[in-house]
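Below, chain A partners chain B and then partners chain C, in two separate complexes.
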Partner chain A sequence: MEIQKKVGKMYHRVDPTFKRKLLESPGGETFKFCYQCGTCTATCPVARFTDVFRPNKVIHLAKLGIRNVVYSDAVWLCVNCYSCTERCPQGVKVADVMRALKNLAVADGVIPEFSKAFLTTILDTGWAYSIPASRIAKRASMGLPPLPKPFLEDLKKLAKMTEASNLLEQERDAE
Partner chain B sequence: MKYLLYLGCLIPYRKMGYEISARRVSKTLGIELQDMPDANCCGLPIDTVNHEMMLLLAARNLCMAEKHELDILTLCNGCTGVLMKVNKMLKQDRALREQINNQLQKIGLEFQGKIKVKHFIQILLEIGFNNLQKFIIKPLDFLNVAGYIGCHLFRPSEFMEIENPENPSVFDDLIELTGARSVRYVDEFQCCGFVEGAIDSNIPLFLAREKLNNVKNAGANAMVTLCPACHQVFDGSQRQIERRFSESYDLPVLHYPQLLGLAMDIAPEELALNDLRVKPTKLLTSLTKT
Partner chain C sequence: MESSNSKSESSEEIRIGVNVCHCGLNIGGSVNCDEVAEYAASLPHVAISRALRYSCSDQGQELIKKDILDYKLNRIVVASCTPRLHEPTFRRACEEAGLNKYLFEMANIREHCSWIHLHDREAGTEKAKDLVKMAVAKAALLEPQEEREVPILRKALVIGGGVAGIQAALDLADTGYRVYLIEKEPSIGGRMAQIDKTYPTMDCSICILAPKMSDAGRHPNIELLTASEIVEVKGYIGNFRVKVLKKSRYVTKDCSACGDCSTACPVTVPNEFDVGLATRHAIYTPFPQAVPSTYIINKENCLNTNFIVCDKCIVACERNAIDFTIIPETIELEVGTIIVATGADVFDPTVLPNYGYGKFLNVITSLEFERLINAGGPSGGKLLRPSDMTIPDTIAFIQCVGSRSEKGTDSCSNVCCMNTIKDALLIKEHWPEVKIYVFYIDIRAFGKGFEDLFRRAKEEGVIFIRGLPAEILEDRKTNNLWLIGENTLSREIYKINVGMVTLSIGLEPREDSNIIQRLFTLSRAPDGYFMEAHPKLRPVDTPTGGVFLAGCAESAKDIKDSVTQASAAASRANILMAQGKVTIEAITPTPIIDNCKFCELCTKVCPYNAILVDRENKITEVIEAACAGCGNCGAECPSDALIMRHFTDEQIIAQIDAITEQDANMKIVAFCCNWCSYAAADFAGVSRMQQPTNIRIIRTMCSARVSEKFIARAFARGAAAVLVAGCHLNDCHYIDANYQTKKRVERFWRRMERRGVRKERLQLLWASAAEGERFASKVREMAETVKNVSSEEIQKTVKAFKKR
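Let's look at the complex of A and B:
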């Protein structure tokens, strides 16, 4: 619900150009083939336990350009299990479309806290989870080799190139 | 047979038992594992934030492996999915390769497409069932095992190499190899819900509970996983699910190399079975009786 609050009335207008944006972003190309049969929703493991997420509905709203719904919690509920992608009769890569929508939401400044945390930890340690010192000591005591240490400078450079690190800088500036 | 072992983050963070047992079993099977000192995150967790960054992180790992001139062996399904997919995407798509290489150049790397990425079980399949059979000293014929293969190992089938993605039978064969009976159950190929925990903490409990019930109803006395994330859901959250729904499962969830190791007559201590949250006490007593 955290995102729902954030989006609020940010995008209360219908944006007819939104579908073009989605078509141009990597992963979003196939969404135009959707004919709303609902196979994705029928096969979705998450849709069984929530009323918020319906993949075909998200695609339909994206076509219409109703961004405040597309950017809401719904799309982040996708677990990326690819069941829908496997079964779509139209060849829509549904999971990739959901990912493209998340990427667009992030580019527009709607990013959930956990994603931001992942990004910060990856840039600080090289890994998505920061492994506590006690674990590292336990590894050594069990005779396991030390964990890999990537060159963090390289990762930071990559994040700059893709503008991924901008998200964190914006946040720092705001503070 | 020499491979670079790509651990990922969840295994050293929470699932040391998987690493220990995989190393131990590999040693007996003659799979030589070299560590990857300069690896970084596979990229999966930030695919949702920035697709390009994911591609670059995965490509950097692949470049490192190319430097060592060895194929990558993965244990985690998430890492397998991403690294295998990006490796194939970059090999097939020239425009994308050039774009990624332009960026990698700035940190002194170039993707050449010289290596492959394989999950641990794919290497077992390469060794072949006939050869593996020779290592099975203590068949676990008293066990009914429910296998949980995990999504990213066989989906999307466009990039993954597991046969028959609608109904993959390879994991059943690997379980039957240990002498145990592989139990089929409802929804066995459906997501465990691990990643959902970040956005809604309820849904993964419902997803996992349903599967635990299906497994129990099918008459299994143990579960086996191939992915640390699935393992975390079924083993790590099992007590929480029991409390939340006032149910009792007491279902030990093993990592596949642990099951294989037991059948190969490797001591349970060497396979880190005590690292599991749900203790496989009953299983070990039946094991000593045989």
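Let's look at the complex of A and C:
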């Protein structure tokens, strides 16, 4: 919700150039072919549990150029299972479009809290989530080999090259 | 037709009139036509040059005619659209002014210039000048020609005995022509015979079809050839020779269709007519109204493969009509016109696992539904679901299964929406308490009376939900089905339980379309249906003269449209046969006996066996009626002994020279065949596919006209690249002539290698008339190659190919 508030302030109008932007970003090429049959949403395992995510609605709004809604939490709910892409009759690579939208959102500085926290954890610890000392002790007591050492330096280099760390810093500065 | 009044004599001074057409803004918008006309005036032999707003209009044509008389012109060049469109118009205008029509030449500055260079007026204008220069250079060498007339046999062949084929055959037979109606199945009737009712009037399908079938069966002018297939087609417009394989029925004409044999037959197999929902015997008649009304033995099902091991049917037949000694025969028909009405197949939904067709008993197709609800069908007209033979309390129809989808055909199948609405109303008529859901993307009720029917369905309580189910799940206990999907209008996810699901399957081109395509050298659109000669103005003609299309062979359509189109095709065939003769273009070769070495190379490459060489008596003859004018022989002849009329070596070389006179190092000399690749370039133009301006296209009838000396000439004159483009192999309009193209280009590549010239500079492209984008991307690719060709390289090539 926080994101929506922020984005709502940034872009509250229809952006006619958005379509082109999405078409040009890798993965977004096919979204124009959508004819709103609803197969993707009907297939989507996420849509069965929440009303927030409707892939065909996201594509429809993207076509209209309403990017504050497209940049909402919705796109981040896509789990990239590719069921929609498999069944789309028009050859729209729905999951790829969602990824392209995520990339566009990030490029505009819109990153959900969860993804930020996730990225921070990876860069700080080298793990997807921080493992408590108690669990490491338990592993040792069960005779399991110690966990491999994470390559923190390499990860940081990668983050720098992909500009992921810049994004995080910008966010921090803003705060 | 008559050309004796031609004003041109070879000794006469050549006076060319050039007309540059604005075509409104179509050309004038991106080419400076006045500048082009001014330039044309400076070219040799040009007596008058002007720019016209619309040269194809009556005024434009009148002006051309007036110019011919006022300026004593003996050659005319019009720079406008593609010759495939207006060449006949201007040729006629020339004739009306007393000029032989072969003294006319066209420069295509619309499809091949203005439309593909919309944003570069300067380069477009320069290219247009070049194209006009090429046309003027060719025009100066044109000769008047006389056309030959060939008779048209007043007999027609109709392929396919569905409703379209029956209608076309009846129309032609009623006009008085002899008609052969060929059907591959044992009975005529086609898809319409399988359907229960027709929309929007709810007429009983077989009730209105059966009278037509028996009309066709007993018409004195129609010869029915059922269980027959075409194996070979030879000849040309007006004079086709068609070989037909008549499979054996093993039942003689004495059969009275009493059915005793079938009752006695011990073999049962799924019945094709009931889409496998019922069984038939090895000796059977497909359905009670079948025409011809006689039985047939399917030898694949019969126990008597090599020896007579079972004689049940022979014993049962009182009239002794069963004869296992009948063998299949091949007959040869001679016909003047051919109508292709081969129909369509239906989509097979087993490729969509999420709908569970073939896995869940109660998921059926719309064609199976037709048989179920038909009183003559396996359930006697009762709507019984397959799992427990009860009438379901809810039925769902799913639309667009295999249509408008990458998983089937891309196009809309035209019939499924209305068919479903009709089916829903039929259910409501008999069992009003059954709940009906229709899941759709768009309801396309576009025809006369269709909206009324749609409205009636809504009034009757049929529930229409926008949004296709993504998945069908089966309840294992009840065999009921769960449909899960999204209502895209309310954005709600639905999960609906129904007793039976009907998949509204789309239509597809016939699986064996490629055989018909090859036999008649037809083209197919990207969706697989046969292509018409012009999508708007010649919708039932094919690019092959004397061959017409009707019904679903051309595209998916309903009964009414099929019948309309069948009558149109019959009428087109009638026009040809009523005239009784057709003029053949004077583009056949003329042998020069003095040059001929009687090597017989020409006879070896001729696809039509149209050249006779008699080495002993020193005679070389061209059988004009058999020759189609591809020019393959002319390209093959090593001693210049065959002059390809209207496409002579001198004319083509003059065009090459015109292209390469200036800035040859930036140019691509392209040779395109009239039927496919030139049409593909036209299609790219019509679709406004923007391309670089390097290419200059020389039109020949077939890519096999392109002699190696033309390619060598282009390189010797400093051209940066050469493109030879033709129809796809096996799709050639001259049977197999383009295999010779391939041979010659490959030979030239080896020659280039030997002389140290990069092979990339000569390209070979196969593009069908529908592949505009393929052509355009080739041009773009070659324009990149041109950029990499240095002037030293060009000089080297010029030296390598210059005649010593």
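Assume the second predicted complex is superposed on the first by the 171 of 175 C-alpha atoms of A that agree within 3 Å, B and C clash if a C-alpha of one lies under 4 Å from a C-alpha of the other, contacts with A are read in each partner's own complex, and residues count from 1 in each chain.
Convention: a residue touches a chain if its C-beta (ideal position, glycine included) is under 8 Å from a C-beta of that chain, and two chains touch if they have at least 3 such contacts.
All of these numbers come straight from a predicted model, not from anything done at the bench.
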Clash or fit: what happens to chain B and chain C when chain A is overlaid?
fit
Once chain A of both complexes is superposed, is A:90 in touch with chain B (first), chain C (second), both, or neither?
second
Vertex at chain A, arms to chain B and chain C: angle between C-alpha centres to the nearest 10°?
90
In this superposition, the partner of chain A with more touched residues, chain B or chain C, is B
One more residue to check, A:54. First (chain B), second (chain C), both or neither?
second
Just chain B (first), just chain C (second), both, or neither: which does A:72 touch?
neither
Could you look at A:36 and tell me whether it touches chain B, chain C, both or neither (first, second, both, neither)?
second
Once superposed, minimum distance in angstrom between C-alpha atoms of chain B and those of chain C?
6
State which residues of chain A lie in both footprints, the one left by chain B and the one left by chain C.
none
Given the complex with chain A, which residues does chain C contribute to the contact?
354, 400, 404-407, 441-442, 466-471, 484-488, 491, 493
Provide the residue numbers of chain A that touch chain C in the complex, in ascending order.
35-43, 47-48, 51, 54, 56-57, 87-91
Across the complex, what residues on chain A touch chain B?
25-27, 45-46, 49-50, 73, 76-77, 79-83, 85-86, 93, 95, 99-100, 102-103, 106, 111-112, 114-115, 118-119, 122, 126-129, 131, 135, 138-139, 142, 144-145, 147-151, 154-155, 157-159, 161-164, 167
Within their complex, chain B touches chain A through residues 7-10, 12-13, 16, 19-20, 23, 35-41, 44-53, 56-57, 60, 103, 106-107, 151-152, 155-157, 165-166, 187, 190-191, 193-196, 198-200, 202-203, 206-207
